[in-house]
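Heads up, the thing below is written out as structure tokens.
Chain lettering (A, B, C, D and E) follows the sequence in which the chains are written, and residue indices restart at 1 in each chain.
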Amino acid sequence: MFLAPYGVAVVLLIALPALLNFGYAFTDHTGLTRDPQFVGLANLRRLLADDFFLDSLEASLFHVAVSVPLRLLAAVGLGLLLAAPRPGGRWFRTAVYLPTVIPDVALAVLFLWVLNPLYGPLNQLLGLVGHPGFTWLAEPTTARVGVILMLLFPIGEGFIVVLAARRMLDGRLYEAAALEGCGPFGQLRRLTLPLLAPVLVLLVVRDTILTLQVNFVPAYVLTDGRPANATQYLPVYIFDHAFEFSGFAYGALITIVLMAISAVIITAQLLTVRRWRVLR
Amino acid sequence: MISRLIGRFVVPALFAALFAAPLWFMAVGSLRPVGLPPPRTLEIFPPDPTVAAYTRLPELMPLFRYLANSALVVALAVPLTVVVASLTGFGLRLLASSARRRVTIGLLVVLLVPVTAVWATRFELFRLAGVVDTYIPLLAPAMLAGSPFLVLLYAWSFGGVPNTQLEAARLEGARWIAIWRRVALPQVRPATLAVAVLAFTFHWANFIDPLLYLHSGDRYTYALGLQFLRLLNPTDWPLLMAGCVIATAPCVLVFLLAQRILLNDNPLVALRSGGRR
Amino acid sequence: MRVGVAPGQIRLESLSKSYGRVTALDGVDLEVRAGELITLVGPSGSGKSTILRLIAGLDRPDAGRVLVDGKDVGRVPPHRRAIAMVFQDYALYPHLTVRDNLLFGLRVRRVPRAEADRQARAAAERLEIADLLDRYPDQMSGGQRQRVALARALVRDPSVYLLDEPLASLDAQLRFATRTDLLAMHQELRTTMVHVTHDQAEAMTLGDRVVVLDRGRVRQVGPPQEVYDEPADVFVAGFLGSPPMNLVVGGGVLGDAPGLTLGVRPEDLALDPEGPIEVTVEAMETLGSEAILLTRARASTRDPAAAAAAAAAGAGVRLTVRTGPRHGVRPGDRLRLRPDPARIHRFDTETGRRR
Amino acid sequence: DDRTEGASGITVVLFGDAEEIAGYRTMVEAFEAATPDVDVTLSPVATQDELMAKLTTSFAGGTPPDVFLLNYRRYGQFAAQGAIEPAQSYLDGSEALDEGDFSPRALDAFRFDGKALTCMPQNLSSLVVYYNADLFAKAGVPVPKAGWTWDNFLVTAKALTGDGRYGVGVEPSVPRIAPFVWSNGGELVDDPNRPTRLTLTGQPATRKAVDWFLDLQLVHKVVPPDAEEQSESSEARFLRGTLGMYLNSRVAVPTLRTIKDFGWDVAPLPVAPGGAPASILHSDAYCMSAGRPNHTDAWRFIEFAMGPKGQGILAESGRTVPSRLDVARSDAFLKPSLPPRSAQVYLDADPHLRATPRTATWSRVERETDALLEELFYGRVEREKGLRELEEKIRPLFAEPPR
Amino acid sequence: MRVGVAPGQIRLESLSKSYGRVTALDGVDLEVRAGELITLVGPSGSGKSTILRLIAGLDRPDAGRVLVDGKDVGRVPPHRRAIAMVFQDYALYPHLTVRDNLLFGLRVRRVPRAEADRQARAAAERLEIADLLDRYPDQMSGGQRQRVALARALVRDPSVYLLDEPLASLDAQLRFATRTDLLAMHQELRTTMVHVTHDQAEAMTLGDRVVVLDRGRVRQVGPPQEVYDEPADVFVAGFLGSPPMNLVVGGGVLGDAPGLTLGVRPEDLALDPEGPIEVTVEAMETLGSEAILLTRARASTRDPAAAAAAAAAGAGVRLTVRTGPRHGVRPGDRLRLRPDPARIHRFDTETGRRR
């Protein structure tokens, strides 16, 4: 009963539009007219011959492969580092969370500034240690790094989850381990990480989805696919097709591919995890 | 002792500073005089700070109208988000654990649907409902409780209300909705505050929905307005940063209210405690 | 106060309930007389709480019926049954003061304000918590909370009280006092009360009759002393009494009885230099007012199975003896015991039933 | 409120920065004052990307705006779908407007099938050279004048470069490189009407122009290098007085008018040695969505916007070169109180204006080409290889999507 | 096994510890002999766990010293003290099997694999959990977990075991069995054990000596029976024994004693038709092997304060009587009681100390 409003909203606002969208994938819908014709697998054939799609796929996969572990590392590392109660601890945590509340557009604009090769604080910081810096958004690799760097900051939700999960662990276990001769590092390796494993898996899955699909606005504003399509992530590519190049149906097809890829990656993650037997 | 101090304070402080740095640069950048070439060396604080950028903003766009619109949207959407999230979280809480796991997986699947997949097709729905160019489409994310995270936050918090209390209330003749409102909600006020804050930042920053579903320029929200600034005179970094500061400041202020709970030494206890006080 | 037939008679007819694959209740028949204080006792998971929940209407039975005062209440929602329940953790609303806790049910049932206040005050006074009305639950001790929970039940003026382990979270001293209060309250109200505990000592002290449950089935119903003195089967014999009854398969040192299991309670074994059973004291627990001796006898049985088992375990039969304190016995001493022949219990080894 | 469905209101979607939008707003107010029975909902967006997103969602959702402003390089995909109500018949039947009032070059760009007019172009901008007169004086080089050549341009640029300053600011993109190609007698594509591939390497004339353009950066280094450009756009550089010449269309003028510290003016593009003057059309047009119930009111709005009053208001903002010739030739445009003084330059370019192809896939082609040109221009890839790969990569994009 | 002076002697010297404003320990002096099983008992919050934590080194004292085998261990980190601790909630690692739980400490200390396995198996066998080695903690019953926790402590082969309410979460039957196991284990190992409980019955049954704590202070130390028979003050008298000792300020029906409080245990009041105290039975609890009578006597005292208090309460002195079962008494009956004069305890009403 309580789930009803939400359920209705999900059906109306997500399931139904998504289904419609899937339907469009096999038409010639451009988004501009309202009489899409069924064209079967023509879009699929086009996709298979599309070099730009491959670039885009590569960009996305690279991004996920680097960004998810880094974001996780940051969220978990900081979560664990700052979990222990200490005077002023809340303010440290607040500082870590704050970038998460910056609106996407503002974050991207801010990073346009941070990554500015001559005036940007990042290169200036590098200058302090004698490094000439990079033209961040001009080189394919550094542009990707720049986007990853930007997305390393809004990790607040994962951070909070780790904080909370860490606090839920029984302090007794740590005392028991200490009595058995286990130092801080051993406690991290033998207690904290294994015990947090279910939460970490959840975070990885969530972050994978998010990274693949939703961190769209900042990447879009920061680089818009440049340079040389190095940051033409799948959502950006979908957006361009669906909304700029009148390729609505084609965009819909890539959307399906994106969902499939997400599902495959997540399944792979879960299978790996099962092999490690961290979840019973 | 020293190493303990480093471990406990210096390292965390370094990370905190790292994460606070972007905001600092944003604020500092907005205080530079308009039109001045940017500095080529690291500048922790501008030599002669000025608020000129802020005073120029209202000249360039209907700043206060946009802000008022944003405020209106937030004022509508945040309560709705809280209601939906708490109802759903409560519903989730009442489910047996196996059903709960299934619904949680369902939430993840919902996350799996790319946003791009629903933008245009949702429009059709809104047109059928006749609500295009009203604020109702902007409330759609609120109907979805902002994000599954908020639902789970509530489910988590309600987990602290023992079954027996709910049953006691039922025996005393309370309907479920009354139990939700009079027994469960008052016990998770901190969670409500936290959800409200997160919902605030979400709706305040929402950029795509207003772009797609609002037509009238005088209904635009501030997130859209910020876009117009991006096209302005590119030497106007201070102006752009001032725009960002205005976009960010309400979120930061509101968040500072909630950090007491969300970032408490013991967030779970903080979320669940506080029936009163 | 009430005229005619006192209400509050409950009948459970072949009640069954499963949660998923777990069978919580498996055909329970039980009759609770109006005005009776009956105690359900059994190990954890034996279905005690489930019975209360079915009576209260919080869950529905898979099979069987619940009759209150002769009427099937299967379709009556919980709040329409004149039943109040006190939960193990009291289930006080932590965000409300004691007063508002008492008023909660009245408010949701839209009882007029003045009337509601009057009733709440009356209940509070009867349980001597009138001076706590403005406190919050976490500002009170366990015993006080307990009384608030009772007062809240009282406000409903129900014809049946269901008490789910109301004393479990109190410490020993408080438990003793609250037990007394509960008894006094029942003696005064004379309303039907169904009381649940998993503590066998408590089961013996509260209630006119005790119902022993095991894995969803009723094993025995009767007055406590009767159940103690004449347990219906091995389970009841082993469950009630602390330390539990000594049970010897095949009779052994208690006298040969092939196919039977003989039992004797620790207090029915007397130290007697002339006694027939020779034992070695292995350990000893002094409880102030009494002592428990843990002894081991040499198994002298003709039941081959029992003998084999004893031999396999590499040890004789263990016998627990309850005796007075200050008797000068030390671990390692050899003693002789004499069982009270009138108090030897005989059970069928196969079925476990009393013979 | 039935503005989207009813007969009394129309929705107009426009793009532009904050100042441009302010100009449009003034015009809409004037229209509403003159036509009280039509209520206009002005729906501005910032970038053309956002415009496209907004248009696509509203078209797909079935409620497109009545009128929208569209660049000619993007209208092809709309026209190809029949999503635009062709303007020709309305213009023919109009009492307020006459086809002869407007620049034929601008109109031609919006004849999708080559004959009937699809949208009403509101402006007629062209690529020109903005120059910092003070820097020229300081460097002792003559100010550019009509008919100057690539060589003059390069010499000037070299003279202006140095001391933290650069001679030329230009972004590597199709619309910037095209006039040079055309001036040299080359073509960008194999067939301007039905293009199937780029011809940057194939034709010697084209190749020479491309090389000359790339050399500005790669050989002569008169254009700010990568990091500099990334840090500070050419426009910002010009505003700051550290850039001699800046290539852009009329769109830059409102911003350049904020310059207080030095004098600046505008000049035509240089001509290729032995070539002909050429420039590229920049034009945005008012289009009406097909299948809307209210074309009459929409057309009335366009009539007003394209009339002397509407064009005048926008001309005053400085942002546009009016497509309406009488307004363009009026003092309102030619003799403003504000720079640039030589506004005639924009009009003189009119006869030499050319447009890029207007096919359904052109905007995509242009966008991907721009991205790759940028790589070449800043020397991130080797020239020969880069050009060849560019052509190959872009080639499939010309194909129409499956129908 | 061990030669020379057995290790495991512990000395606490005026140990104090505060948590914030809460004083958990307030000058505790205590000597635990090597090989002794000593029990700390006291109400909740009296500082029992704190003492264990200080001995283990999990917390640091604010003042005072902890000496193990005569050496101040103030600077020795927990894992260097040869101390094993069993926590009330067992603190088993939930993500590890029983085997890995047992191996945890051995792995950390890099004991060679084969040797580690051997030790773990030995410990498991000694506690009869060898067949549970592949289970996870949440797949076991409370008693089994308890034994795993003990086995884990055993693997360390420490010179001191600290047991923090190891039986608290077990139910009565299991508790009895585990208590027996613990005793047997101590008798076999003869290692120093410090055992904590808040259950006074348990305190009486386990341990060579019992230490009664109250609000961070030691109230009495001694063998259980001695503490029971001669409580050092009113607190100890009231704390040990269930039901607690009857205490009458001013002596009252137990015989006039101005300025003193007289106490008599329920089992030292005999039913005797000739007895000097006349009482009315108010309620009765039958426990199978015995019965508790709750009676009320008319206060006949010459101590004016006590008389006034009794009068104010509107009731006479309550006396609890422990007697055998099956005596035929019903609530409301009038009886006469005779206290055992040798077992009347005398306390100073002012200081509470024994006189």
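In this section, a contact is a pair of C-beta atoms (placed from the backbone, for glycine too) under 8 Å apart; a residue touches a chain by one contact, two chains touch by 3 or more.
Chain labels with UniProt names: A, B = Multiple sugar transport system permease protein; C, E = ABC-type sugar transport system ATPase subunit.
Not measured: the values here are computed from a predicted model.
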Touching both chain B and chain E: give me those chains, sorted by label. A, C
Show which chains lie in contact with chain B and also with chain D. A
Tell me which of B-C and A-B has more C-beta pairs in contact. A-B
Mean-CA-position distance for chain B and chain A (Å): 18
In whole angstrom, the CA-centroid distance of chain A from chain D equals 37
Chain A-chain E separation of Cα centroids, rounded to whole Å: 56
Averaged-CA centre spacing for the pair chain E and chain D, given as whole angstrom: 91
Residue numbers in chain C touching two or more further chains are none
Set of chain A residues in contact with two or more other chains: 31, 116, 118-119, 239, 242-243, 248
What are the residue numbers in chain D that touch two or more other chains? 53, 56-57, 60, 62, 232
Going by the touch rule stated at the top, which chains touch which? A-B, A-D, A-E, B-C, B-D, C-E
Note: in the complex, chain C contacts chain B through residues 20, 53, 56, 58, 78-79, 83-85, 87-96, 104-105, 108-109, 136, 152, 156
Okay, in this complex, where on chain E does chain C touch? 43-44, 171-173, 176, 179-180, 183-184, 187, 198-201, 204-206, 224-225, 228-229, 239-244, 265-267, 282-283, 285-289, 292, 294, 322, 325-326, 331
Of all residues in chain D, which touch chain B in the complex? 3-4, 11, 13, 16-19, 21, 25, 41-47, 50, 53-54, 56-58, 60-63, 65, 232-233, 235-236, 239-240, 255, 258
Parts of chain A lying in touch with chain D, wherever the complex brings them together: 28-34, 37, 39, 42-43, 45-46, 49-52, 116-120, 135-139, 224-229, 239, 242-248, 250
Which positions of chain B touch chain A when the two form their complex? 8-9, 11-13, 15-17, 19-23, 25-26, 29, 38-42, 84, 87-88, 90-92, 94, 103, 108, 110-122, 124-125, 140, 143-145, 149, 151, 176, 180, 201, 204-205, 207-208, 223, 226-227, 230, 237, 240-241, 243-244, 247-248, 251-252, 255-256, 259-260, 262-268
